[in-house]
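Structures are listed in the sections that come next.
Each of the next two complexes has chain A plus one other chain: chain B in the first, chain C in the second.
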Partner chain A sequence: MSGDPVGNDILLSVRDLRTAFDTMDGTVKAVDGVSFAIRRGETLGVVGESGCGKSVTALSILRLIERPGRIVGGSVDFGGRDLLAMSESEIRDVRGNRIAMIFQEPMTSLNPVYTCGRQIAETVQAHRSVSRAEAWEKAVEMLDLVGIPDAGRRAKQFPHQMSGGMRQRVMIAMALSTDPDLLIADEPTTALDVTIQAQIFELIARLREERRMAMLLITHDLGVIAEMADDVVVMYAGQVVEQGDVRSVMTDPHHPYTRGLLASIPRIGERRHRLEVIPGVVPNPLNLPAGCLFRRRCPYAMEICETPPHLTDLGGGRSSRCWLDAEGRAPEVTLPEAAHG
Partner chain B sequence: MTSDSDQTIRERWVASPSPAGGGTTRAGDPASSVDEVDLTPVRTYWELVRMRFRRHRPAVISVFVLAILVIYAVIVPLTTGEGYKDPNIRKVWDPAEIVITFDPFTVEAFAPLGYDEIGQNVFVRLAKATQTSLVIGVAAVLIIAGIGSFIGAIAGFLGGRVDNLLMRLVDIVLSLPVLFIILMIVSFFGTGDVSVVIIAIGITGWTLAARLIRGEFLTLRETDFVMAARALGVHSRRIITRHMLPSALSPLIVASALGVADSVVAEAGLSFLGFGISPPEASLGNMLNNAQTYFIRAPILIVWPGLVLILIVLSVSFIGDGLRDALDPRQKIESGS
Partner chain C sequence: MATYILRRTLQAIPIIIGISVVVFAIVYLAPGDPTARFRTPKVPPEQIEALIRAYGLDRPVHEQYISWASTFFQVWNPDAWGYSFLSGDPVLEKVLYRVPPTLLLMGSALLVTIVVAIPVGMLAALRQYSLTDKVITTLSTFTYAIPSFLVGAYALYFGAVLLPELTNGAIKFPSFGMESLGSRGDPLDLLWHLILPVLTLSVISIAGWSRYMRSSMLDVLHQDYVRTAKAKGLPRRAVIYQHALRNALIPIVTLIGLSIPGLIAGAAITETIFTWPGLGSLFVEAVGTRDYPVVLALTMVGGVAVIAGNLLADILYGLVDPRIRY
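Here is the complex of A and B:
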């Protein structure tokens, strides 16, 4: 499919990942042949509408897919080993140790019956041979690092005694306590209010910089991608429809879906009567249209779109799954203004 | 009952938001006044548990009642030894007597509840019976909670086919007529043996605990914190024992409290039918059975073991109720500040 991005210091390489869910009405291909790669220290953003397979992709990488879901095929190469082929105990050592994950819901992702410090200490103890006291010390140190004031005292508190932003900081502290090579952040700020969101992203960006950690950032917010990511993968209905470096994707989107996403961002200082929207909804995964999955919502739909397009390499690490690009004739259309200067 | 007590607890908290609790940080404490809005006093988990438990009035009273019964059931048989079996032909049907001698705890000297039809000291005999019942209740409930949480946890955690299989096993056990199974086990392995009675009650009574734990585990399995623990590489066994079981503690405690009550009643029923603990050994059941024979002659003999039985069952249930509320860290003690 798409060639490996330039640079050979690749940390994680996902190839043709396929994850399906067996439902009563049939099999849903939640992730259908997704490929991408993350270099050491780089941030890859995954963007798309709800239900397009972003989270399932992340969970599949760590093999956290549970019945009725199953990983059907593909490979996830991490540091020279295929995570999908590992034994249960090997993958357990990767989880939380080399690849850590933070979830959407800080309110419920912490165990309510243990103190925050103890939960961090548990993660440390699960992967490092340290004493209880050392693990606790590490927990307090991590809480301090993520900007929780009076960390020693806070460590002894239960999650319900903290605010949402605090809890997400605790989750970050927990994820980073083992110094992972890759952090998977699955919409880490969706449940938080806007000012806290900014703080959390600032924190993540700072820690990532300090520790030269790679990150897989899942979000539906293109603004966040523009701010945080180096490269971006745009997903639609379980497939990658466009990928490339953030700047060029944002300024020169190729796939009509990416264009639609960019056009639907409201901008300050611009008079518009209505916000642009992409008409229609993501197709029912049980009943996907033949051909291009975006065809029914696409303003440029053509006859050829009834044949499924393939991911076309556009050079410079960019690719797009659209016949417009495959045919080598980008249409004359007014592109939305650059979202990112 | 349950939601009622929850409600009253909350109401009390709203009414008196600052409970008297030792070792708390007060607002305005220099250590916590710097740049923090949150002045939640930091209490340890067990301080919170104690505070919440004390809010539950019936449970607190029950602790005292049960404590008195336990002391009674330990001290009296300890000082009188086999005295509960001793018949005394001269004392048959003697009413209550307390003879203060230099040695007040001799059988002849201290009989506030009088003597029964063969001259056994009812006070001493009742103590031994209480002891037997409590031992059976606690031991049986350990078996019940053990089997119940093991099967429930596995079914709930693994789900799917294993869950189906184990739950059908529960259905099978539930569909059996429990009393007859216990009777069969007891009459096969030896009537009158306390450990046989314990095992018989234990292996037939775990179904409720298993169902409750399984239900709780099914919910817990889907929670984000279990997923987060898995994503952080925590071993399944540890997730079950450290993350899920403590959260499933409430139903386990309820099941255990009911289990103690049920076991005590089951033993009484068994002995009443003559299959449990038989005389000269003492149990609440055989004392009741015996008293029934002489109901016209001495109706008071039914009252004492009956009263103890009721007190045990009630106080254990109340304590279970209070414990469940107190042990749940999710239950907030502060009125929203």
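Here is the complex of A and C:
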């Protein structure tokens, strides 16, 4: 069904995506020239602090950005077509059908006045020519698939009659009801408690595997990335600062920001008096510093950092936006303890 | 649900008794009395005395209250609400006679308000900060600030004076009453008479309701589930009408329930301006002539209507919002 004329295995490719928000105080470049690609069946993790533009990137792909936000430029190639150049009705045909999305807040992401079953059936009916009864049947089947016990009865319940974890299962059921090629999961477990988080990730991982579905997983948790993703994109202040396959990024991080993120994960069995933190705060998006955006928090900041660094290809699908890499010398991993202490 | 309604109805009993005490006290304490208009040099004091005795106004206040309240709720009795001091007619009959015109007037105004205010509010919300929105918002703020007697006076002026002048008498809206002489029961004539007072009443409530609808819709449009509906690939129409509007109407339904008392009590000012033979103008007349039984009866009707309207609002709320269960 999803025939790819190009013949490679790239499913979605985002190129130089730029999304801005017009505010009273000026224009905020929430996403500033982001590029990445997702291969079929692969999971790409996007990681970064709150406000780094990862959710806006996800929403921009499906063109769900609301005013005062607007997509300024770039392209999102999906199956040989640019999603950003499609007509309203063409993009509607992609939304919820070939690319589905689940959100951070299961408590508020479902409409309170309709039953869960109806909300899933509605998605099916929007994209498949099926009868109301068939769509309902599909909804019950999907609820069963995501592990909701007594799915037939649960389908007739309203969202408020379910717990947060159950609601996120409903959202997943809804997203997968049309067999999408790509699932965008925007911090799908942030609002849930830890044990439920694990269950939801397990469920997503299983269903993704079974359906050979690609996933764009947005999170601020590198642990989740390590667990779930094949490739990772690290974002900072609206830009990609590092990308590559998860294993090599985790074991050999290049960008100082990635190093800081990794250092701030507490490890079991390691006694520390204080958690590692990256000093300073994310720069004000209305007043970004000239040059490297991470410069003021960076332990390696140099004079050249006042000139904006470009994304340097490190080979093997890896890249980093840092002058250290551009100069062709990977920094010796000696500094962290001294620099962060 | 049935238990809930029964419980609420039972709870209403002490409230209604409380209202009756307060209402009676207010009327009793109000300056002036029903005999005031007879007090001229030509009427001998003995006759005034006789009137006061005949009306029972010389009895102690608690006796007066009990004799009024004890029969008041026997609404199956034509004389349960006493007799008008002014005309001597049974008050119940007098009030019932005035109910249909008020229901007609207020009901039409409410209908017009709903039909106009909801789409207007929606339009403003869907085009937030656009010129359309700004025009609607400015106009409604402006209109909402005009007192109803002024709107009524302008409506009269335009409809019954200026328009006939401009059209050489071709279009002339009636300026008073509910029907023209000799056209009793003619629905077209009735409609013709309804236009100006309904316009007066609805212009102001449309202003208020549309702003309410606008903010309700804006609130809903920013909800996560509306974004979910879009992300599912639903057409814009379905997103707005099925997902957003359905939720935005929930507070509006409450508003409808709460406007029921006004439906029954009538609009004193507008009815008086247009001499509409409804409960509102009856109330103004009764207060003016200190016709205690009528004033008491109408105030009680208003009080009961408020309680009933609140109950209705709560029931409707439960029907439209699945999160509410009684």
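Definition applied: the second predicted complex is superposed on the first by the 326 of 341 C-alpha atoms of A that agree within 3 Å, B and C clash if a C-alpha of one lies under 4 Å from a C-alpha of the other, contacts with A are read in each partner's own complex, and residues count from 1 in each chain.
The rule we apply is simple: contacts are C-beta pairs under 8 Å (C-beta built on N, C-alpha and C of every residue); 3 or more make two chains touch, one makes a residue touch a chain.
Bear in mind the structure is a predicted one, so any value in this text is a computation, not a measurement.
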Partners on chain A (chain B, chain C) - clash or fit: clash
Chain A residues touched by each partner, larger count belonging to chain B or chain C: B
Touching partner for A:271 - first (chain B), second (chain C), both, neither: neither
Partner chain(s) touched by A:109 [first = chain B, second = chain C, both, neither]: both
Contacts of A:94 with chain B and chain C, given as first, second, both or neither: both
Residues on chain A lying within both footprints (that of chain B and that of chain C): 62, 64, 92-97, 100-101, 103, 105, 108-113, 122-123, 126-127, 158, 160, 171, 174
Chain B partner contacts - residues on chain A that touch it in the complex: 62, 64, 67, 92-97, 100-101, 103, 105, 108-115, 122-123, 126-127, 149-150, 153, 156-158, 160-161, 163, 171, 174-175
Touching residues (chain side chain A, partner chain C) in the complex: 62, 64, 66, 88-89, 92-97, 100-101, 103, 105, 108-113, 122-123, 126-127, 158, 160, 171, 174
Chain A partner contacts - residues on chain C that touch it in the complex: 223-225, 227-236, 238, 243, 246-247, 250, 320-323
Footprint of chain A on chain B - complex, ascending: 32, 34-36, 38, 40, 42, 44-45, 159-160, 223-225, 227-235, 238, 242-243, 246-247, 249, 329-330, 332
